[in-house]
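Next up: some structures, all given as structure tokens.
Across the two complexes that follow, chain A remains constant while its partner is chain B and subsequently chain C.
After this line comes the complex of A and B, so read on.
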């Protein structure tokens, strides 16, 4: 399984906007580079990234060959209620990885 | 030329004038050459010493500064997993003998390369790790530049982050550094360049679009954006060697280890930055 590092607060006040940073190890092979034999190396990239907060999508993106290896994705979301954030990367060659982090939301 | 010179005083005069013009032209060229080779700085003036990170752009510096951005942390975290897990065929993990890396490995990376009496020559941190794997864990050595070796090396090295580079002062290590010093000043390759010509005399200048740093090796293994990956100091050295079109020694060749030792001596006292990020 690829290594992934996620940074986000463990707790927040209701209504607070917090930042999430997600870094994953992936070659992001473009499909345009020639290999040692002169033929293009098959494309191998992450295609989509989704973040669900208690089941509802709060952030999603598509990735393309121009994105460099080991993509770093940062975004903000609002603390609504305590629960779980689920991060999912999907890509070529049946690549998929899911990470989960919990957050405790307190009333301000 | 000879015949003209002896054919009459007028011809001799012309020839002398021509010669003095040539001399002036050569002196002019020498001036340009001296200017190119010895810019404002004195030849060996590396003061103030500057880490490579000071020569990179602000966005790259930001990547190195913040562990939540630094892609090298992926290797560090992989190394941490390895540190705590038993080798595939069983036996003790690194932690099984060395315990908590934060205390047991603190300062270790700052003291490599180091002379190993059992092997009889200086070895790098990567070689040390592989010796430990082979002799203690009875596991296969990790291949140079493999994810695993770079990972465990980064994990060990980050425990010394901020500590001064301090090459051991024993005779064996010093001999290795002395050998490396010779290589550092030796002109090599079809371009006939030594390390010193760029990194001592022309740092701050440009090689094509890239700024030439002082070449201090205090951030390895580094995440290099060009490589899109973590890489060792030897990968960097081999890169430079093929850049000047010299024959490139194999990984862990003693020349490369000696060069690493000299670079550690040259960077003595500078804080370790692993995992560094470079363009």
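After this line comes the complex of A and C, so read on.
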């Protein structure tokens, strides 16, 4: 399991737009970098990131080798109802990791 | 007697074929050596670099060939970059983000990294705000383009020129 950090509010008002910041430890090996033997090191990157809010996709990202190691992703979403946000990273070498955070949404 | 004559007649034939095989293998060896001499260069040279044309082709693939207008999008990146390994970028698009009018996706392209694509973000009215950030790698000083696709099918872009002093993937380069 790669170490993942997710920063988002624990509670929000209904309709409030909040920022989510997600960071995961990953080498993001580009596939263009020569290793000790002079041959390029095989590519090993995270290909996709998705965020689901109570099961529905609210944000998606497609990553290429030009994204830095330990990818940092920040985006916004709207607080609609209390529930769970699920973050999923998928990549080369069957990499996949899922993290969950709960949010409490209050009226007004 | 019979066997010896057969062996005599067979011997030159065998020797000839051995000579031919040796000549063939020598030629093969020379060819391989030549290829071998060229191969490290191929490996060490910077692999297939994205070009302005490659970048334009990648943008065309994203837009489906539609016209891209300038404006509405703010591509926030430092113009002078000390370290190309992790360059913070933020892209904001002016949009009400309603079901009728919102940003559906944002993509970032470059001209001089090995690949023209950098990252693509998919948004929806649920995003509330078209404002995304990440950190990217830049191989050298170059031009970057951020393109946004709106729900009405229009495309908007902003181009920035950046100077990179320490390149990402520098160990992959020979000068």
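By our rule, the second predicted complex is superposed on the first by the 108 of 108 C-alpha atoms of A that agree within 3 Å, B and C clash if a C-alpha of one lies under 4 Å from a C-alpha of the other, contacts with A are read in each partner's own complex, and residues count from 1 in each chain.
In this text, a contact is a pair of C-beta atoms (placed from the backbone, for glycine too) under 8 Å apart; a residue touches a chain by one contact, two chains touch by 3 or more.
Everything numeric in this text was worked out from a predicted model, so none of it was measured.
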{"item": "Chain A as common anchor, with chain B and chain C clashing or fitting", "value": "fit"}
{"item": "Touching partner for A:3 - first (chain B), second (chain C), both, neither", "value": "first"}
{"item": "Which of chain B and chain C A:72 touches, first, second, both or neither", "value": "both"}
{"item": "More chain A residues in contact - chain B or chain C", "value": "C"}
{"item": "First (chain B), second (chain C), both or neither touched by A:30", "value": "second"}
{"item": "Smallest separation in angstrom, by C-alpha atoms, between chain B and chain C in the superposition", "value": "5"}
{"item": "Residues on chain A lying within both footprints (that of chain B and that of chain C)", "value": "68-69, 72"}
{"item": "List of chain C residues in touch with chain A within their complex", "value": "40, 43-44, 46-47, 85-88, 90, 110, 113-115, 117-124, 126-138, 169, 171-172"}
{"item": "Partner chain B, residues of chain A touching it in the complex", "value": "3, 5, 7, 21, 23-25, 27-28, 68-70, 72"}
{"item": "Residues of chain A that touch chain C when the two form their complex", "value": "17, 19, 30, 32-34, 38-40, 53, 56-69, 71-78, 80"}
{"item": "Residue ranges of chain B touching chain A (in the complex, touch as defined)", "value": "68-69, 71, 73-74, 77-78, 225, 228-229"}
